[in-house]
Structures are given as C-alpha cells and as structure tokens.
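Both complexes shown next keep chain A, but they swap its partner, so chain B is in the first and chain C is in the second.
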Partner chain A sequence: MSKVNPSIKAVTVLICGLFISFSYSPYLNGYVIITCLILMAGSGVKWTSAGKILIPATLAAASLFFSALFHTNPDQIAASSTPSVHNAVQLELRIYAYSALGMLFALTTDSEEFIYSLMHQLKLPPKFAYGVLAAYHLLPAMKREYASVRLAYKIKGYHLSPFSLRPVFSMLVNTMHWSENVAMAMESKGFDGDGPRSYFLIPEVRWFDKLFFIGYTGGTAVLLFLFPHFPV
Partner chain B sequence: MKFLEVKNLNFRYFQQSKHLILDNASLSIEQGTITVILGSSGCGKSTLAAVCAGLYPDNGGELLSGTRTIAGHDVDSMTPTERSRYLSYTFQNPDLQFCMDTLRKELIFCLENHNYPREHMENMAEEIARRFSMESFLDRQLSTLSGGEKQKAALCCALASQPRGILLDEPFSNIDPQTSSQIIDLLKRQNQEHKTTIIAIDHHPEHWLDTADEFILLGEKGCILKRGITKENMTNFRELFQEKGIVYPGIFSSFSNALKAGKTAISLENVSIRQGEKQDILLKHLSHTFSYGQITAVISPSGAGKTTLFHTFLKQKHFDGSIKLDGKELKKIKERDLFRSIGIVFQNPSEQFTTTNVFTEITETLKIWRQELSEQERQKEAEQLLKEYSLWSYKNYSPYMLSQGQQRRLAVLSMLCGGQKILLLDEPTYGQDGRSTITIMEQLRKKVMFENLCVIFSTHDHQLANAYADTICAIKGKELVNVKS
Partner chain C sequence: MKSTNSWKLKDILMIAISAMLFGVVYLGMVYTGSYLTAILTPFGLGVLGYEPIYGIWFMAGVYTTYVIQKPGVGIIAEMLAALLEVLMGNFFGPVVFISGFIQGLGSELGFAVFKYKRFGYSSTIAAAVGCTVLSFIWTGFRSAYWTLSPALVLSIFLIRLISSILFCGFGCKLLGDALTKAGVLKAYALGQKSLNPDE
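Take a look at the complex of A and B:
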C-alpha cells in the first residue's frame, strides 16, 4: 500500500468515507473494515501504532453504541428492542470503518511524499507545500523549546499542571519569530513561490494506482447499492 | 568592480515608529574581497545586511529611501531567485535556516529553486557537500548536528546557487574557536578558487585577523564609523573599538586577585550522566566541587555536554553517583526546594520569560519566592533591583523587545531576586557584543564578592574564562578536568 500514490489514496479514502456516511449497512462497514485490515497487514504496518489509534476510536464507538442503544426513539423501543440494538451496532461499526480508512492512509503514507504528491497531482501551490514541510521539520525544535520553557517556569517556582497553557503562550511568541526567520532563509536560498522550478522527486500515477482507485471505490459503491439498508 | 553598493538607506521596522534603524546608511564592497563588518549590539548591522540582500523590506519593515545594487543590478527589480544567484545569506541561528530534515534534501531544495536539471541534482548536491567535507552528513537528521556542523551545512546551501557573493550574519556566535577557524579556512578557499565575495558580520574581529582584507566599523544606525581597518593598522583603533564595545583581540585582561573559595556549594562524586535514558554515557566519573564566593568557568567545545551537566544539577537528567548540594543529596531534595537555592540563565534567555512586561517579570518572581513582602514592598524592591541592573527605563517594555544583552541581564536578575545562591549561566556571551558581556560579568563578580554566590558559567571562550573565572575546569572527552584552581 505504501507504493500507491498518496493523492490517489487520499481521494479513495475520502470517497469511501462519503459512501459510508450515506449508508446504513453493517455489511458495507464490515467490508471496509476487513479490507482495510487486510491491506494494512499486506503492507507491514506496525500494529502497536494501529492499536494506539484504536483506543480513542473505541471510546468514541462505545459512547455512540450506548447512546444509540438507550436513547433511540422511545416509540420504537416500545414496539421491539431489536432495531435499537441494530442501530447501535451499525453506528459503532461506522466509527470503526472511519478509523480503519484513516489508519490505512496514515500508517502507509510518508508525509513528505504526500506533500510532493499534492503538489504534482492536486496542484497545491509550492509556496504552501514547502511552508508545510518547513513547519513539519520544525516540530522537533518546538518540542525542545516547549521542554525548556516548562523548565523555566518550574525553576521560577510556578506550579504547572501538565495541561497548563502558560508555557504554550511563551513558546508561541518564540515560534512566531522562528517562522519569520525560516521564511527569510528559504527566500535567501532562492525560493520563489511562483517562479519556475525543477523537481527532483515527482510522484507519478501508475497503472496500479488507477486500478486501486477504481477497484476500491467501485467495490464499495457496489455494496452500497446492493445493501443500502440494514437487512431485518 | 563594485560588488555591492547601497546608498542613503533609511529604514524602519514599524510604520508608526519615528525611530529609524538605518539612518542614511551607505556601504560599498569590492568584488572578490573578504570584508568583516563590526559593530556593537543594536547598531543595525544585521538590518543593514538584510536590507542589502533584499530580505527587507520584502519580509517586513519599510525602506523610506535609498538605492541598492548588487553586481550592477538593481535589487528591487530582481526576484528572490535571481538575487540569490548574486548574493546569498546565512543567518545567525543555524537552527532556523532549514526547511528540510537532511542536508541532501535541503541542497536539492536549493537546486530546485534555481530550476537545476533533475538528472544532475544528486551529483551536484554531493559535489557541494564534498567541498565542505560534509559528505558523511548528507543523510543525517539536521536537528542532530552540532552548531558548527549546522553552520557548515548552511554554508553548503548558501553556495548551492553558485552565488558571486555570500553574506554571513554572525556565523560563529555559538561555535568553538577550532570549528570557527576551520570554517574560515573553507571560506578563504572558496574566495580564492571562485572569487566569491565574502561579507561577514561579527562581534569578534580576532576570528578573521589573518583572513579579512578589510574590517569596517559601524557606528549608530548603520552608518560607517571607520573603514579600511586591517590587521596591520588595527592597533591604531584600539580605543575606538573599546568605546564601541567591540571585543578587541585580547581585551579581557586577566586579573590576578582571584577570590578565595568559600564553603562547598555543589560536590560531585563519581557521577556519570546519560543524554537520554537509553543513550550512551555523555559524561562519566565526574568528581569535582564548586564553591561559594567564586566564579567557575566550564570550558568545552560545542555539543560536549555542558548544558546537560547544568540540567543534571537541576535534577532534569538521570545520573549515577552522588551529587550533593549544600551537603544534601540532590536525589533527595524536592524540586521546589531545589529551585529556591539554584537558578539558571539559558543560552537563549528569551526562552525563559514568563510575563510580557519587564516590571511584572520581577514582581511575579518576588511574589512566588518572597511571600513575606507586601505588595508595596515588592514594587519598591523591584524598582531598586531594576535600577541596579540599569533596566528601569525599560520597565514597561516587553522582555522580548529588549536587546540580547538586556534580556540576559533581566534573566539573571529574575533568577536571583528570590535569593538563590547558586547561579548557572549557559554560554553568557551568545549573541551579544563585548560590552554587554563585560557589564554582566562585572555585575556578577560584585554580587559574588558581597553576597557570597556560587556562579558557574559555561563558555568556549578561553579569554573570557581567564578574565572572569576564579577557577576553570574543562570537559575533555567525557571527563571534567581542572585547568586553573
């Protein structure tokens, strides 16, 4: 999966996400979850990182499950208890389907490659793309900065809770300075958002990218039309 | 032929401000020369350089009048890409120069900017790196390189566009002398082989004594005070240098009456420190004592672990062995009690301000550490302290707007106003001129004498250590050895 063009993958995932949100079928959700897991397994994803993503997803799924179970229209519950269980299962599976799609994309895509691909396939302006890359590469420096700002607060005798926002403020003042500096550094290296430039890495759309797009969205669409509703 | 010529520049940062940063500044530099621009902090030398290179007013500020030409071309009529083919620029802080994560990618980014043919990019990038002996760093994460390596990497990038000239803004502010002279040799070779014009801004002329064709001394607001200074005639300008706060080679005359050591403040016994929990040992088997009533210098090349050592004293790093503070085991002291007796001034003091106003910066700290004072007493105390450190006239400023030297003084003050007796200073000379350094060190020396403080500062400047430290130790390899006691 990591060989598939990132833009194509992103578009595929988005379209399938849309399909799921317009359907009310556990089969479709199940299909998406299972195929995503198979594709991830095939591309050697680290399951520990997948597990980390699943923790909040499970929380969200559980909360939706129980709220759907207990707070469905009372008339329906009076008639029979099955639709509300169905409803809850379907909503829960939908959350998992979304997270499976998200994981499939996030865990098999190199973020830099994604940005290059956005520039070439989806015509993202280079000014924006390289700005994002620069910010992304500043993250380790920001982390260090945050640690030293927190230390400064502690040394001055402030009591800081782990979620305190005060050090974040001090850090942002400094990082605003940085962004100016990095922008000037890029310009001094001849970066000009609009001028002609050559590219070393040009992600291409190959036959298997197209195959993946048509196959996956097609498969989801077929299921969407075959089982649009919950079979009762 | 003139390489760079600017005339009658008038520049300010804010439209509303009446204060001009450059007031009628002019400068011309010959093609193929090595020129060093000297000047005290805040005299506008960095601004002048950025305006010459066309970075301002494109990225901020307002150029009210003046003409700028590089190699005969008007700066305003060129795009950034064209400009960087004539003059490229490196910045003071090497952490903020890169938009990619490795040197190889960064060099390729530079080449792409100049529409360099794709097939030859990889070879060209390697060729440039080879010129600065940086081949082995091509694929290392830039954030893991030392200050000197980053600065060399920045130079590689600046030369990627094969510019006719290169402008360096304080390239050595955080680099040890050996690495600095290595970089200067590389620059000299570049100048001889490719006739590249080199213009450098620096506080320290001595880096460049054997290399520069000319030194230019700037006065106020970017105006030239004196040019045509060379190694040979520099002695004629000694007084002028001192008056302007420039570090004249050998200016820190060492004094003989070292202070006597008082009680032991910090003692180390067989201490080993790791950078991170799973990483290699950075410093090992350290046994040393630091005393009250003295200033101690820790000399080490950049990246050898002095910041780590300081952070260990603050209980921020794991260590084996025993560290005692006032005779008590560091591992058993609670953080809050620890910070009542020890303070630190970071290499970059702007990281340690907690308020947005100079006055409240002090009153807030007093509020935390000296709760017995009433509101009025606090205000009075803060006023007195700020006056003592000549910061009173800036009381309503934001700390971030002060000059580097003032920021450091404020940081020292807010670290000591809680009555802390041990003060750690990480690279106190970073980013400031000789005069600010002298002011800080002399203030500290008085405090050490009269209030019996223990001050430990780290530096790679041997002269500074000799001038202001009573005892000196050095990090050599992984050990701490006594140099002067």
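Take a look at the complex of A and C:
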C-alpha cells in the first residue's frame, strides 16, 4: 500500500468515507473495516502505531454507541424491534470504518511524498505545498515553545486555566516572527513560488494506482447499492 | 484594503503556522475533552464531550480572516489546517479536507455578510455562527444525528455554538486586537488599519 500514489490513495479514501456517510449499512462498514485491515497487514504496518490511533477512535465510537443506545430517535428507525441497539451498533461501526480508512492512509503514507504528490497530481501550487511542509516541520519546536510559554506564565504567578488565551497570544507573536523568518529564509535560498522549478521527486500515477482506485471505490459502491439499509 | 489577490509566501506561512498553532492548542485541550467524554459516555452523553472545545477548530479560519481581511483566507486556512491534520495522522484521515472546506466556508459566509468591509465583533461572531451551522450539518450527516433524539442533537448544537462564539467570536477578535497593540501585525490589513485610523 505504501507504493500506491498518495493522492490517489487520499481521493479513494475520501470517496469511500463519503459512501459510508451516505449508507446505513453495517455490511458496508464491516467490509471497509476488514479490507482496510487486510491492506494494512499486507503493507507491514506497525500495529503499535495502529493501536495508538485506535484509542481515541474507540473513545469516539464508544461515546456515540452509548449516546445512540440511550438517546435514539425511535421514529427514524421504526423497522426494528430494538431500534436503539441497532442504531448504536451501526453508528459505532461507522466510526470504526472512518478510522480504518484514516489509519490505512496515515500509516502507509509518507507526509513528504503526499505533499509532492499533491503538487503533481492535484496541482497544489508549490508555494502552498512548501509552506505547509515548513509549518509541519515546525511542529516539534512549536510544542516545546507552547509548553515553555505556559511555564513562563506559571513562574510569573498567573493562574492559567486550560482555556486561557494568554499563552496563545504569546505564541501568535512567535508565529508572526516565525513566518517572516521562514519566508525570508526560503526566498533567500532562491525559492520563487510562481516560476517553473525543478523537483527532487515527481510521483507518478501507475497502472496499479488506477486499479486500486477503481477496484476499491467500485467495490464499496457496489456494496452501497446492494445493501443501502440496515437489515432487520 | 489591498485588492491584490496574489498570495505572498509570508502570508501562506503565517496562515499555515497559525493553523498549526491552533492545532497544538487543541491538542493541549483535547485531554479535557477526552476526560469529559469518558465521564459522560456511560450516561449516553459522550458525544457532548468534545463540543465545549469545538470552537478551537474554527479559530484558524476566523483569526486569519480577521487579520488578513481578504475573501478566501478562511477556506485556505481551514484547508491548510486539514492538510496538517492529515500529516499529523488524524484518525479520520483525508475526509477532514471536506470538514476543513466546510468550516472555512462557514467562516467566509460570516464575513461575507458584511461584504468583507466591516471587521468587528459582529463579523467575527457571524463567522463563528456560520462555522457552527455548516459544521453541524456536516457532522450531523456523518454521525447520522437524525437517528438520535432531538433533545440531544439540540444540546450538541447549542454547546458548539457557545464554544464557537466564545473562542472565535470573542477569542479571535481579542487576540487580533491585542496583537495589533503589540505592533506585530503591521504587515497585515488589521495592523495597518490601526496605523491610519481615519480609513
């Protein structure tokens, strides 16, 4: 899976995610979950990192499960004798299907390759692509800075509630400096977002990318039309 | 207001880094949300857990639009935020592009009500409401809210609206004004207005 073109993969995952939103079928959700797991297993994903993603997904799924269990609107799902249980299961599976698609993408895609591919396949202007990449690589510095700004306020004796905007203000000042400095650094290295440029890596769309796209969205679409509703 | 529509690298970086920052802030608060969700889940109210901090999602769009004051900034900011989310490994994956677009559109609608000419509390609050309404329709669609009881759905909407108005309607405006006072926004429309107040 990590060989599939990232843009194609993203579009496929996006379309399948939309299909799930349109459907109300546990079969479709189950199919998506199982195929994603198989594809992940086939591409040698680290299961510990999958587990890390699954914790928040499970929390989200559980919260929706219980909400649906206790607060289902019975008028909408009248066909079943136990509407709330059905609805709860269906909604929980749906969250897992979303996160299976998300994991499949996140764990088999290199972020830089994804950005390169967005530039070539989806025509993202290089200015935006490299801007986002620069911001992305600032993340560790930003986390460190945010923690130390909060600490600095505590040292000065401010009581900070988790919702306080004070450290955000200090961080935004830093943001202004960072964006100016990074822009200057990039331009001084000869970065020009508008002119033609050379690329280190040009991702291509190959036959198996097309095959994956057609096969996966096609399979999901067939299931969507075969089982559009919850079986009772 | 400048009428040029070309994007400067510096502006793009400012938007992307701000979006990243709000992402970090959100991550800092996500524990609060998870904690709330975990407590509320056994009562069947777990879906409300993240709603109090939902407004932070919209801040990137509203804040950058308030600072740069150009049409389209909100959508770009939210899309870049979504792209960063995907890079960071959000478990919803590329579907968040659509969420980002919808939230950005909500913010744009709020500012468009005032034709991108008046930038005050009224416009930031309108943007906050726009984000809430559009994102509510989208998450409602994705999580099949129509199968849940109307009272629960209404409380989801109200809590999100309050959060959005507090964080975006007031928070973004206050942050923007404080930064203007600090003098770091001179390169942007918001900071320039404070230099010649007769405008």
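Brief remarks follow.
We adopt the following convention: the second predicted complex is superposed on the first by the 194 of 232 C-alpha atoms of A that agree within 3 Å, B and C clash if a C-alpha of one lies under 4 Å from a C-alpha of the other, contacts with A are read in each partner's own complex, and residues count from 1 in each chain.
Note that a contact is a pair of C-beta atoms (placed from the backbone, for glycine too) under 8 Å apart; a residue touches a chain by one contact, two chains touch by 3 or more.
Just so you know, these numbers come straight off a predicted model, no measurement behind them.
In the superposition on chain A, A:217 contacts neither chain B nor chain C. Ranked by how many residues of chain A each touches, chain B and chain C are led by C. With both structures placed on the common chain, the touch criterion links A:134 to chain B and to chain C. Applying the stated contact rule after C-alpha superposition, one finds that A:117 touches neither chain B nor chain C. Look at A:200: by the touch rule set out above, it reaches chain B but stays clear of chain C. Contacts of A:183 after superposition: both chain B and chain C are touched. Applying the stated contact rule after C-alpha superposition, one finds that A:29 touches neither chain B nor chain C.
Contacts of A:108 after superposition: neither chain B nor chain C is touched.
Residue contacts after overlaying the shared chain place A:10 against chain C, while chain B stays out of touching range. Applying the stated touch rule to the two superposed structures, the overlap between the chain B and chain C interfaces on chain A comprises residues 134, 173, 178, 180, 182-183, 186-187, 191. Looking at the complex, you find that chain C touches chain A at residues 7-10, 12-21, 24-25, 28-29, 32, 34, 37-38, 40-47, 49, 76, 80, 83-84, 86-95, 97-98, 141-144, 146-152, 171, 174-175, 178-179, 182, 184-185, 187.
Looking at the complex, you find that chain A touches chain B at residues 130, 133-134, 137, 140-141, 145, 148-149, 151-158, 166, 170, 173-174, 178, 180-192, 195-200.
Chain A makes touch with chain C in their complex at residues 10-11, 13-14, 17-18, 21, 24, 53-54, 56-57, 59-60, 62-64, 66-73, 76-77, 87, 90-91, 94-95, 98-99, 101-107, 111, 114-115, 118, 127-128, 131-132, 134-136, 138-139, 142-143, 146, 162-163, 165, 168-169, 171-173, 175-180, 182-183, 186-187, 191, 193. Within the complex formed with chain A, the residues of chain B that make contact are 50, 53, 55, 58-60, 79-81, 83-85, 88-89, 91, 93, 95-101, 108-118, 121-122, 142-143, 157-158, 160-161, 311, 314, 316, 335-336, 339-340, 343-344, 346, 350-354, 364-365, 368-369, 400, 414-415, 418.
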